[in-house]
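Encoded as structure tokens, the structure appears first; notes follow it.
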Amino acid sequence: MRRSREVLFVRLGVVALALVLLEGWTRTIRESYVIIPPTMMVQALAILLTNERFWADIQTTLIEVGLSFIIAATIGFAVGVVLGLKPTLYNVIEPYLIAYYANPIFVFYPVFISFFGLTMIPIVIIAALASVIGVIVNTAIGIKHVKPVYRKIGKTLGMSFIQILIRIYFPSAVPQIFTGLRLGLVYAFLATITSEFLLAPRGVGHFIKFQYESFQAQWMYGAILLAVVVAISGNAILVRIENRLYNRRLEAI
Amino acid sequence: MNGKALFPRREVSLSPITLGRICVPVFLLALWWICSRIIGDNFILASPGISIQEFWQGLREGWLIRSLGSTLGRVLGSFLLAGLLGTLIGVLLGLSRFWHDMMEPLVVAGWAAPKSVLYPVYILLLGLGNKSAIVFAATWGVFPLIIMLMSGIRRIPRVYFKLGRTLGMRPFALFGKVIAPAVSLEFVVGLRYCWCLSFLGVIVIEMFGSRSGVGRDLLAFQEIGDMKKMLAVVLMVVFVTVSISFAFYRFESALIRKRGLKEDLAMAG
Amino acid sequence: MVELLKIAGVSKVYYNEAGQRVEALRQANLDVRDGEFISLVGPSGCGKTTLLEIVAGLLEPTEGFLTLKGQPLKLKNHSLGVVFQEDSVFPWRNVLQNVEFGLEAKGFSSEERRVRSLEMIELVGLRGFERSYPAELSGGMRQRVAIARALALNPDLLLLDEPFGALDEQTRFLLGEELQRIWMETGKTILLVTHSINEAVFLSDRVVVLCSRPGSVIADLSVNIPRPRSIDTLGLVDFGHLTSHIWTLLRQSTSQGGVKAHASI
């Protein structure tokens, strides 16, 4: 335990040092329209958070992320379970799952905009498409790797297939499924922000671009700070929960 | 059933798995075709047939290739940058237990942070143009490579290092003969992610503001409402990326088979 | 004593990945009486695990039939407790929840489940560990949980497939003694698969010896050493005779075809 404390302190120290250096550099050397000091970023964000219209943007982003994630999680879970239960099917589809990930999802964005207009819908679709692959793959792997002996136990107890699926497969695959959901959420968030940033009527990403184009450095950085902090801390919290799920399982086989 | 075949033929290896894999694009094309028939208007959703025609025409007229060329040029640039940086950092962090533990959450934070919105910062620092584009897209690709290498090297069984020491191996030899081969799979997978994300980053930049490239063309076609050309471009991009990822997949599968591992390649993250 | 389990003419044939025909088990016959402790012993590939899995309802025999208490052996009619060699304890449930698992699946109320499970946990000697998770337990303790879980449903038969195979020799022996104690306290009919001749002779009333290619029964030997047996049993002359007899049978069987023998000491 002591060593991990040590590591934590060094890490905090390094990050603090970097921030201090950045603060110093931005205040003394460059003109403050390129990069503004971190303290000013925080101040700007504080002011933004009192602004009604900014909250409207935040709301839009949240709705898009939420909707796309729910759609992706539901579809992804169902598909993942089917793939996990049928390893040959998984085998057949595996190269396409990889190819799916390789495809830059944003090439479809203009197509969807043409189709659905410049609304939330193309963004939700893109974000759901980006998100679903993480859920599918990790769910499939979690289900696939359930130890065959667990299934045998279920059979000898006379359980039906549905019972075995729900009482044995699902609980066993929980850590891996959680990983999938975490990745899905992160991808949904990243895809939403990026889509808004590229072309959208509203949203935090759009706000950032708008402020950039209006040369309003402080508001731009305030919003960037918000997006970055939310993403990093959200992921970090989920990782902690995830690690605890995995640690409970460390069986010494 | 052991008689000799009457008409000996060359072995055609069409296993059910390969058959299944061929079915997937066929199925998708069929789905596309059905949707376009239902909608019925090539203006709203062009049929596969028309899009492929447009695709060939684009190739002949040359604009399609030029577009792809600009994009691929940038992707290559950022892939090389991210590849070199990522490999260096990944290896260094992997070899030192302390640095690994310390930097790991920071690297993960880098992966999770929305990098697209930072593009203006790069423009302000490096100006508009290929320089900022390549550096920016590299920040997309570099993180997964670092993460894969870092964790891959950490997972090398300690006993390999003990063996190296008892044989009196020098550090470079140890690296070349033990460490590098041991993480070759993680390295290739990391490179694949690096390529994919660099590509994504370049597309995003081009859509944000650029004078050439696939991303810019897609937005331009969207503005004038030319669905046929849009789908032709999409078709081309999909074709290129799928081919490259299949190449990666074959290579990775061969590595896995040689080692007798049982990895699941599609581990996203 | 009444015959509980009857295995008659059971064969199992399957085709492996290369398409070759594998005769895993040929014409196995066995009558097990109520309350007996039977071991199946033999080299790998002799069909002992196959036979156990057929009895457990996990595999269908190609030929032959099995009856339990006079009725055809079907998982819905009967209750079986099975313990596998691999770690089969669920890591996401603690000990108590693991033992309750079968009872949950059969729809017992939470009161009944708790009472029954605590009894079983006590029986296998894990009192005090009810709330522990498998990750905190040793391999031997986890197998005890598996035994408790198997017994919680009050099964007609207890089947164990090399349950101590993954453990070290001392733990193996201690758990063997525990198994003997559990058997004597509960009076259950037990079918144990093992590759350890010593273990088989130490624990059983009868040792059934199988050979491989094809898997078949070559001997059904009674063990008349009095109970309870202990570490001293290993030094008895009778014990040594019986174990070396089994060794000889197995060695012969690999050079010839099958050898049918019936003997007791």
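As written, the chains take the letters A, B and C, and residue 1 is the first residue of each chain.
Heads up, the rule we're going with is that a residue touches a chain if its C-beta (ideal position, glycine included) is under 8 Å from a C-beta of that chain, and two chains touch if they have at least 3 such contacts.
Since this is a predicted model, take the numbers as computed values, not measurements.
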| item | value |
| --- | --- |
| Graph class of chain-chain contacts, one of line, ring, star, complete, other | line |
| Chain separated most widely from chain B, comparing mean CA positions | C |
| Chain centre separation in whole Å, for chain C relative to chain B (CA means) | 52 |
| CA centroid of chain A to CA centroid of chain C, Å | 49 |
| Chain centre separation in whole Å, for chain B relative to chain A (CA means) | 19 |
| Junction residues of chain A - those touching two or more other chains | none |
| Residues on chain A engaged by chain C in the complex (per definition of touch) | 147, 149-150, 152-159, 163, 167-168, 171-172, 174, 248-253 |
| Parts of chain B lying in touch with chain A, wherever the complex brings them together | 16-17, 20-21, 24, 44-45, 98, 101-103, 105-106, 108-109, 112-114, 116-121, 124-125, 192, 195-196, 199-200, 203-204, 207-208, 214-215, 218-219, 221-222, 225, 227, 230-231, 233-234, 237-238, 241-242, 244-246, 248-249, 264-269 |
| Residues of chain A touching chain B in the complex | 4, 7, 10-11, 14-15, 33-35, 88-89, 91-99, 101-111, 113-115, 133-134, 137-138, 141, 144, 179, 183, 186, 189-190, 193-194, 197-199, 205, 208-209, 212, 220, 223-224, 227-228, 231-232, 234-236, 239 |
| Touch list for chain C against partner chain A, complex | 56-58, 75-76, 80-82, 84, 86-88, 90-93, 101-102, 104-106, 133-135, 139, 153 |
